[in-house]
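Every chain is named by a letter (A, B, C and D) in the order it is written, and numbering of its residues begins at 1.
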Amino acid sequence: MTFQPVLERIAEDIGRMPDRGRPAGYIPALAACDPARFGMAVAEPDGTVYGVGEWRTPFSAQSVTKVFTLALDLAREGDALWEHVGREPSGNPFNSLVQLEYEGGIPRNPFINAGALVVTDRLHTRTGDAAAELLTFLRTESGNPGLAFDLDVAASEDAHGDRNAALAHFMASYGNIASPVPVLLDQYFRQCSVAASCADLALATGFLARHGVRADGSRLLSRSQAKQVNAVMLTCGTYDAAGDFAYRVGLPGKSGVGGGIIAVVPGRCTLCVWGPGLDERGNSVSGVAALDRFTTLTGLSVF
Amino acid sequence: MTFQPVLERIAEDIGRMPDRGRPAGYIPALAACDPARFGMAVAEPDGTVYGVGEWRTPFSAQSVTKVFTLALDLAREGDALWEHVGREPSGNPFNSLVQLEYEGGIPRNPFINAGALVVTDRLHTRTGDAAAELLTFLRTESGNPGLAFDLDVAASEDAHGDRNAALAHFMASYGNIASPVPVLLDQYFRQCSVAASCADLALATGFLARHGVRADGSRLLSRSQAKQVNAVMLTCGTYDAAGDFAYRVGLPGKSGVGGGIIAVVPGRCTLCVWGPGLDERGNSVSGVAALDRFTTLTGLSVF
Amino acid sequence: MTFQPVLERIAEDIGRMPDRGRPAGYIPALAACDPARFGMAVAEPDGTVYGVGEWRTPFSAQSVTKVFTLALDLAREGDALWEHVGREPSGNPFNSLVQLEYEGGIPRNPFINAGALVVTDRLHTRTGDAAAELLTFLRTESGNPGLAFDLDVAASEDAHGDRNAALAHFMASYGNIASPVPVLLDQYFRQCSVAASCADLALATGFLARHGVRADGSRLLSRSQAKQVNAVMLTCGTYDAAGDFAYRVGLPGKSGVGGGIIAVVPGRCTLCVWGPGLDERGNSVSGVAALDRFTTLTGLSVF
Amino acid sequence: MTFQPVLERIAEDIGRMPDRGRPAGYIPALAACDPARFGMAVAEPDGTVYGVGEWRTPFSAQSVTKVFTLALDLAREGDALWEHVGREPSGNPFNSLVQLEYEGGIPRNPFINAGALVVTDRLHTRTGDAAAELLTFLRTESGNPGLAFDLDVAASEDAHGDRNAALAHFMASYGNIASPVPVLLDQYFRQCSVAASCADLALATGFLARHGVRADGSRLLSRSQAKQVNAVMLTCGTYDAAGDFAYRVGLPGKSGVGGGIIAVVPGRCTLCVWGPGLDERGNSVSGVAALDRFTTLTGLSVF
C-alpha cells in the first residue's frame, strides 16, 4: 500500500483549516514559526518513506526526543528504570510538583518534564554523555548525518530554565537525581533542541513499528519492551490530552512544543507530522487533526 | 484458532501463584470470596466461547458494568455526553474530589465513580430506568435470561454509600446531576450488583470486538464510537493502574472490585477473567496475571 | 470610657466609602440587601451597649453563630471535641474537600463549614436539639426573647444545600458524623438562619470578654477555654482572610455571609458590626473597615 | 514584677518532663544536641533580662531569624513587600510547592521557607548584603558584639539545600526572585546559621514589645507595623501548628528547628526559650511547654 494519496488528501484538508493554534511563546526561535506551515511523513518498516508538505524541513523536536531517550536508557538498564520513574498518566493539569511531592520524588511517567529529567540523568550517568548518545542514534536511524542540536534553542531554554531547575533540585532532594543539576539541565536542553525533519523522525521511530529492531536489523529493545514503550506513549504521550488523543487518533504518539508529533502503527508504519501552532494543552493543532484524518482514512488504529 | 489450550495453560500457571491478593472488604458478600477461585472465558465475534475454571459461575460484576452503561448512553446521546464527563485518566491516587473541585464538577472520565454516576444519571434521565436498560442489554447479549441483580449486594453498597452520596451531591452543587441523589444511588448500586459469569460478560462485551455491532447484527455504536470506548478503557479502565495495565497487558480493559476484568482484542475476541483477590489498587491479582499471560502466549495486543 | 463618639466617627467614615462590596448572591433574602446599610454595636462586660446606624435591626447571623455552637459544645464535652475537629487555619482558598480527604475526615477547624457541621452534630447528639440550645442561649445572653430563626432563609439554604450535603456524607464515610445527614443539615441551616441585631450579638458574645462567664454571672467556659475560643477565632474566624484580618484588625473575630462580624477585646468589650456587602473572600467590606478604624482610633488590639 | 521566680518554677517543671522530642536530624551540628538541654530568658522593654538554665548559651537560631529579616525589610520597603509575599497561614501540612503553584509564585507568608527566601531576596537587593544587615541588627539590639554566623552549620544546610533551591528556582520562574539562586541560598543559609543565646534573642525581639522602637529609642517600625508583625507571628509563626500554638500559648511566637522559640507580650516583655528536642511539626517540645506554663502562671496572654 502506498500512503502517498492519503497524505496528499490530508494536506489538502489541513490547508482548509481556519485555525491552527499558536506557536509556543517562551522561546523566540519557536515563537517566530508560522502556524500555517505543515509537513507529514510516513515510514514503512523497510525504510520506505512517503511525505507531503514540508516533510524534509528540520524543526525543533523538543519533547518528541523523550521517546528515544527512554528507549536508549531502557535498552541499557531494563526494568530497573521503573524504580525511578512511574508509567501512569499524570492526570492533573496543574501539577507536576504536587504529584512529585505526593509520590516522594518519583515522577509519574517518563514523558512529563520531571520524568524526562530522571531518564536523561540515568542515561547520562551510564554513558557519560546522554545528548551525544541521542544524536548518534537519531543520525543512524534516520540516515541523516547532518542532524544536529540547535544551540540557540538550547540556550533560550536554559535562559527560561528555572522551572526545570526547580524540578531537578526537588527530585535531587529525594535522592532521585545523580548528576549535578546544571550538568543535567545542559544535557536536557540540548536533547530537546534537536532539529530534525518529519522524514528523519518517522524513520528514527521505526524500531517501534519493528517490535524493537533497529534499521540495520540489530535489536534495541525486546519485543516486550517495544510494546511497553508504545503503551507508555499511548497513555502518557500527549501531556494532559492523552485520553483525548487515544480517543480521537487511537495510536501511540508523542508530541513536542515545537509542533511535532510522532505516532506508531505497530507492525505497519510510523508517522511524524509537524505544524507549529499548538492548542491550549501544548499539542499541534494541525498535527492532531492530520493524525485523526489518517486513522479515519486508512482504518489503521490500535482499537 | 481455538483458545482452549491457551486458557488451560493460563489456569495452570495461575494455580501456582502463591499470592492472589485479598477480596474487597467493605461488603460482606464480597469479603467472603476465596481469592483462590478463578475463571476465564474468551468469546469470538461469532459467539463461540471458550472457558476454563469457574467460567460459568456468576460473580459480582461491579464496575465492569460501567462499560455497558457508557455504551448504552453514548448510543443514545452521542458526543453531547462529553460535555458532562471527560475522558482523561484520573492520575491521582488520593482523590477524586480534588479533581472534581478543580474541574468544576465535571469528572475526569466515565470509569471513576464520579463519572459513572454522571453517566448513570444521564441514561436514567433518558430512559426512566437505567438499571433495567442495563439488565436487558446484558441478558440479550449474553443469551442468559437468568442474569439478575443481587439485591443483597446492592443493599450493602447502599449502607456504605456515604462517599458516593458525597460525590453525587457535590456534582449536583455544580448542576451536573439531574436525578434526586437517593434515586441515582439506588440505580447506581443496582447496576453494580449485577451477578454474571465470565461467559456472560465476555459475550456481552462482544460489540467492542465487532466494532459496535450487537450479537444480533444490529448496530449499537458507530465504528468510530466503538473505537472510542476501547480507547477510554485503555487509558482509564483500571483505576490508578491504567498505565501499568497498558504496559503489562496492552489491551483495553475494565476491572471491578468483585474481581472481574473484561478486555478487548479489537476484531478478534473479548475476554473476561475472574479472581476475587485484589491488589492495592483494586484490580484482580490473578485476573491481571492471566491477561498478561494471554497476551504473551498469543501475541495478541494492540501494540 | 464611652464608645459612643468613636462609633459615630466610624459611621461617618463608612458613610463615605465608595465601594462596599456585594451581598451574598445564593439566597434571595440575602441578595436583596442594600450594601449601603450599616450598623455597629459595642457591649461592655457589664452589659452596657453603645450603637450606631442600624444597630438594632435584625440581620441573618449565618456563620457568626458558629462561635456560640462551638462554645456550647465545648462547655459540654471539653477537649474530647478536638479529636473530631482540628484548630488549624484552613489556608487553602480552594479546598475544604481536599483537606478533608487528606486528613481522613477531620475538618481543619470548627469555623469552616465542614467543622461547623461536626460541632453541630456533636451538640445535637448531646442535647437532642442543637438549634434550640443555640436559640435559648442567644435569647438569654442578649436579653431579647424575640430573637428567632428565619425559616425562609433556612429553606433557601436547604434548597442550595448540595455542597454541605456532600461535606456531611463525606465525613460520615469516615465515621465522623453521627446524625442522619438530612437531620444534621436541617439543624445546621436553622442555626445559620438566626436573625439578630448588632446589639443582640455583641451582648451574646460577652462571655468571651468576661473570660468565660455568662451575663448572669454563671460560668459557661473555664478561663482557659474562653482564651482558646478567642485564639481559634483569631486564627480561623474569617475564612481565608484570617491572616489579613489579624494584620489589619488584630482582634479575635468571626464573620458571616449575612454581612455580620463579631469581635472581642478580651477583658474590655465585644463588638458586632453589620454591612451586607462582601469582599471576594466572603467578609463584610464595611464591617472589616469599621473594625480596622475602631482599633486604630481606640488603640485597642491584642497586639 | 520580677519574672525570676516564674522562670525557676518553669525550669523545674520542664526538668520533670519525660519526653522532650528529638533534635532535627538533617544537620550534624543540630542532630548532636541533647534534648534535655534547656534555657529561657525574659526581657522587659527597658532591657532588664531574667533567665534560667542555659539562657546564656548560644544555639542555632535558624528560622527564628525570619522575624528580624522581615522587620528589617518592612522598615525599608513598607507595604510594597506584601505584593511579593502573602500573610495568610499556610494551612497545608504536606507542601508549600502546591500552594506556590496555585498562587502563581507568591508564598503564603514570610515565615514558610519560600516566603523567607523572598524576604531575604528583597532585603539583599536593597542592601547588598542581607546577612550582614541581620547580624549588625542582632548585635546592636542584644548588646552582644560576639554574636556570629556558624559557618559549619551554613555549609551543612547548603549541602542539603536542594529543596530550598527548588523553591527559589520555582519562584524565579514566576519572576518573584531577583538575585541569582546560589547567591540567595548563601545569604539565606548564613542568616539561619546565626548562633545566639536566649538572652540575645529575647533582647533583640524587644522592638516588638516596644511597639516598633529599638533599644536605643530610635524607631524601626511604626506602631502599626509592629502590631502587624505580631499578627503574622501569631497566625503563621509555628509552621503547621500556628492554631495549636495560639490555642495553648496565646502569644505571637516564632520557632526554629534549632529548638528556639521567641514570643512577645506586647507592651510587657519578650521571651526566648530553647530546648533542642522537636515535635513532629518542628517546634521545640520543652519550648512550647515552657511558654504554655508561662502564660498560665502569669496570666499574660493576648486573649
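Everything below uses one rule, namely that a residue touches a chain if its C-beta (ideal position, glycine included) is under 8 Å from a C-beta of that chain, and two chains touch if they have at least 3 such contacts.
Composition by chain, UniProt nomenclature: A, B, C, D = Glutaminase.
Fair warning: this is a prediction, and the values are worked out from it, not measured in the lab.
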Any chain that touches chain D and chain B: A, C
Chain whose average C-alpha position is farthest from chain B's own: D
Centroid distance [mean C-alpha coordinates] between chain D and chain A, Å: 48
Geometric centre distance via CA averages, chain D-chain C, whole Å: 32
Rounded Å distance, chain A centre to chain C centre (Cα mean): 55
Junction residues of chain B, two or more chains touched: 94, 102
Pairs of chains found to touch, sorted by chain label: A-B, A-D, B-C, C-D
Chain B - residues contacting chain A, complex: 86-94, 99, 102, 108-109, 224, 226-228, 230-232, 234-236, 240-244, 246-247, 250, 252, 266, 296, 301-303
Contacting residues of chain D [partner chain A, same complex]: 94-95, 97-98, 100-102, 160, 162-163, 165-170, 172-173, 181
